[in-house]
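Two complexes are shown next, each including chain A; its partner changes from chain B in the first to chain C in the second.
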Partner chain A sequence: MGVYWAIAVRSFRRFSTYRIATLTGAFTNTVFGFIFCGVYLTLWELRPGLGGYDVSDALTFVWLQQGLLMPIGIFGASTTVELGERVRTGEIAVDLYRPTQLMLWWLSVDAGRAMFQLIARGGLPLLVGSLVFDLNFPSSAAQWVAVAAALVFGVVVSFGIRYLVALSGFWITDSRGVEHVAMVLSLFFSGTILPLVVFPGWIGEVARATPWAATLQVPIDVWLGRNPGGVGSALAFQLGWIVVLLAAGSLATVFATRKVVIQGG
Partner chain B sequence: MPVIELENVSRAFTVTSRTGLRRTRREVRAVDGLSFTVEPGEVMGYIGPNGAGKSTTIKMLTGILVPSSGSIRVAGVDPSRHRLKLAKRIGVVFGQRTTLWWDLPLKDSFAVLQKMYAVPRARHAENLATFVELLDLGDLLDVPVRQLSLGQRMRGDIAAALLHDPEIVYLDEPTIGLDIVSKARLREFLAQVNAERGTTIILTTHDLDDIEALCSRVMVIDHGHQVFDGTLPVLRASQNAPRTLIIDLATSHPPITIPGTTVTKTDGPRQWLTFPTTTSAAPLVAQIAATYPLVDLTVTEPTIESIITNLYAQAHK
Partner chain C sequence: MAESLTKAEESWLSKATAWPGQYWMLVVMWIRSSLAYPASFALMLLGSALVTGLDFVAVLLMFSHIETFGGFTLAEMGLLYGTASMTLGLADLVIGSIDRIGQRIRTGELDVWLIRPVSAFLQAAADNFALRRLGRPLQAGLVLVISVAALEIDWTVAKVLLLAVSLISGSVIFAAIFVLGGAFQFVSIDSAELANSFTYGGQQLTQYPLAIFGKDIVRAVTFVVPLAFVNYYPVLQVLGKPAPLGLPSWIGLLAPAVAVVMVALASLAWQAGLRRYRSTGS
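Moving on to the complex of A and B:
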């Protein structure tokens, strides 16, 4: 296990070298935070209590969302994009020379990235937002622990999806199309455009059951204390998707490896 | 006991080409009926033109590609069945790729490798100290890999491939793009590793000076077939490649005609004559001196390049 920890630590350090990119990124998130706040303020003024959120819930949602987009990898993350690139160019063969498990290797790389971005990009928008607006914060130690768990789970679910998308390149000549579709799905179903709680009827039910909901919407709801079935069921929902996605991921790894080894890529 | 054994190994790929809506499949044999063994501590040059099947062979030896037929044993195991287990006992360097962490100091990559191969700390420190000294990496350890020059990066990559004391190292074009000084230094280092640690080295290269400097054995492959296996002197002798006599005459002359020789080039009073290795140069020179105003002469031995070119040409016939 030591090796995966070492990889995660190096990945964290690697991302910490991109200082300017991190700073400009956090600035962009903050600007978008104000834009979204304008939209949400109008929306919740017209429809108070929309989706069970009050105004400060909605505004907190905005700042959390802006801080979490990058760490969770809603638009994709450079780690899994790099993996997709390696699959396309065939450089993935080099990864197979290593005495490590492919999926665990990339999960560690992604974990290091997410941890760095959570610290570097998650904090600033939230800080600015809380200075300007009245935001909600977890009220107990137990809730903080639950938030931490939900965030970790959210990153892993997101990784599970992105890993499968990257590996699709083994079977589809150009997986960039799949990457784009995945990004659109991710944008909508994670709750990035609008919180999933506002969608009524069966559309809302479906949206809230997708794995994308487990990446962003669920952790934010844990923070707000607004999970419909309580925190326990929210975390269980995330864990369920983790099990499914990582199982699919290992299966895809086995098939992909077999394809490389037997068919020659 | 051989450390590498190949018996009648073939590898075919299905190539699908599409013209309009029609799909045609055809089978390409990248490696065809290859058999050889390598003893521990050998340094073997594995050469061939592009597309000869070199990389395919290396991939099969490391276990990331299974042969279509035939059997392979590396360090006593079937590579593709025990890929992860074998990975701990071999080292691989691809000249054009790096396994180092691009944005991090060189030492970070080495630290990950210690964990990856579970090298005991003391042993790792000892190896690292040795390689840092031999490859002159001391000042580079704190430099991010992306800032290293190609030669420096290659030294880093080679150290990385050797840190876990592999029994076998595959080097794919390790000197590609390096300047003469870096090349010489790298060859010296590899020779030393081989001598002191008994590491078996398989080297694929287009640079025949690498072979000349390092390899006790040369294997030439073309179109998936082995066309030569032996030492460099044997390769030279077997090919009977022509020698060249360069003569300077007092004035310009039309090409000299002497049976058994061919003039390949003229440049004013200077002419280049090729003649078979089996012919002695002395009577030839005497014959020319008797008829022409000979001023100066040089005899050159065939270069490996010309021998290899010759070998490929024969294999194609």
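Moving on to the complex of A and C:
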């Protein structure tokens, strides 16, 4: 266990060295936040209470979303992209030699990254947003705990998907095409292009049942206290996907390891 | 004195006329390399069209709840979106790679560019030219065609011309912003994402009727960062809608002039950046 903790801490430190990149990234998130606020203010003025959100819920959604894009890894994250590259280049052989489990190793790396980006990229946009707009914050200690759990679960679900995408390189040699497709699905089904509560009819029902919903929409709804079935069922929904995805990840690791042929040597 | 000036001008002119050919040569090289894996290229082109097209899917989903947005119907929103995404897409395709200049400075590859007999600017613009970025203009063109067909406009030669010219001048404005962002990386290497606020953020902004963002934003994107000239003012004129802030309705005609000013600014900034450049020297 100690080794995985050490990896996560080092990964956190590694990401914390890119200070200016982090700052400019947060600035971009903030600009997009203002744009979306303009759009959602117009939309919710036309249709008050749309999707069960009031105006202040919708605006809070915007700033949480902008802050969470990078930590959760909605566009993919540099850690799992790096894993995909290592599969493509064959460097993965070195990882497989280590007396650690491949999936846990990369989960630790990803956790360190997510933690740093949550603090740096999550905090700044939310701070700016809350200075300009009247945003909703969790009102009780229990709700804060639920939010923390939902965020951790969200990152793990996202990792589970990204890990499978990266390992796809074992079978199709280049995971970049799959990364693109995965990004389309992630943007659409996570609530990034529009809150899932606004999706009409069956599209909405399908979207809210996907693992991508568990990465972004569900944690934000926990923050807002707007989960249709309550916080308990929301966390259970996330946990369900974690079990499925990590089980699939372990299976994929086993099969991939059998496939590896190290050239030369 | 006068003679040497003329010579300088001549040499500049002969360099500039060689630019399209040199750019094309560099670009063809990158296209060939990306077509080496046709299946992967097709997937990435499709992926690029889908990812960038999701912005319009969001608009479509919104219109399942509303009939007009900021006084614009769905077809009118399509015209705004199509022009915004098309102009950004073309600029991104042709010159968007310039945002990698920071990486090139850090790795020292810029030194290599400087000793080649082609301008560093062209090499930066063509750096890793990604034909898959055609995905964005392709989906934008599709939205544009469908929206124009659905709109009931009395098309005149003047309106068609205005729309066509605004697509070009809009692309040039976005291209100039890309170059300004690249030039700023000479000052701050890690700031590649800063320009995204104005390029990709600009597209996100200009795909909506700007008036919904309030008068201050409209002033800012008219007089400070002239994003409103990319598509908003020309489209208002094509649709026969009044301009905000009490501006004259013909303000859309100024788009080409704005584009020229932006190119001049970007050119000055790039030259200043390149002059400021000091190699790491190791």
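The working rule: the second predicted complex is superposed on the first by the 260 of 265 C-alpha atoms of A that agree within 3 Å, B and C clash if a C-alpha of one lies under 4 Å from a C-alpha of the other, contacts with A are read in each partner's own complex, and residues count from 1 in each chain.
Following the convention adopted for this analysis, a residue touches a chain if its C-beta (ideal position, glycine included) is under 8 Å from a C-beta of that chain, and two chains touch if they have at least 3 such contacts.
No experiment lies behind these values; they were computed from the predicted model shown.
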| item | value |
| --- | --- |
| Chain B versus chain C, judged by how many residues of chain A each one touches | C |
| First, second, both or neither for A:25, with chain B first and chain C second | second |
| First (chain B), second (chain C), both or neither touched by A:91 | first |
| Which of chain B and chain C A:10 touches, first, second, both or neither | first |
| First (chain B), second (chain C), both or neither touched by A:200 | second |
| Touched partner set for A:100, first chain B, second chain C, both or neither | first |
| Touching both chain B and chain C, residues of chain A | 18 |
| In the complex with chain C, residue positions of chain A that touch it | 18-21, 24-25, 27-28, 31-32, 35, 38-39, 41-43, 46-47, 50, 174, 176-177, 180-181, 183-184, 187-188, 193-194, 198-200, 203 |
| Chain B contact footprint on chain A (complex, rising order) | 2-3, 5-7, 10, 13-14, 17-18, 91, 93-94, 96-100, 260-264 |
| Of chain B, residues touching chain A in the complex | 11, 13-14, 56, 59, 62-66, 80, 83-85, 87-88, 92, 94, 97, 99, 101-104, 108-109, 111-112, 115-118, 144 |
| Chain C to chain A touching residues, read off their complex | 37, 39-40, 43-44, 46-48, 50-51, 54-55, 57-58, 61-62, 64-66, 69-70, 188-194, 196-197, 201, 204-205, 208, 212-214, 217 |
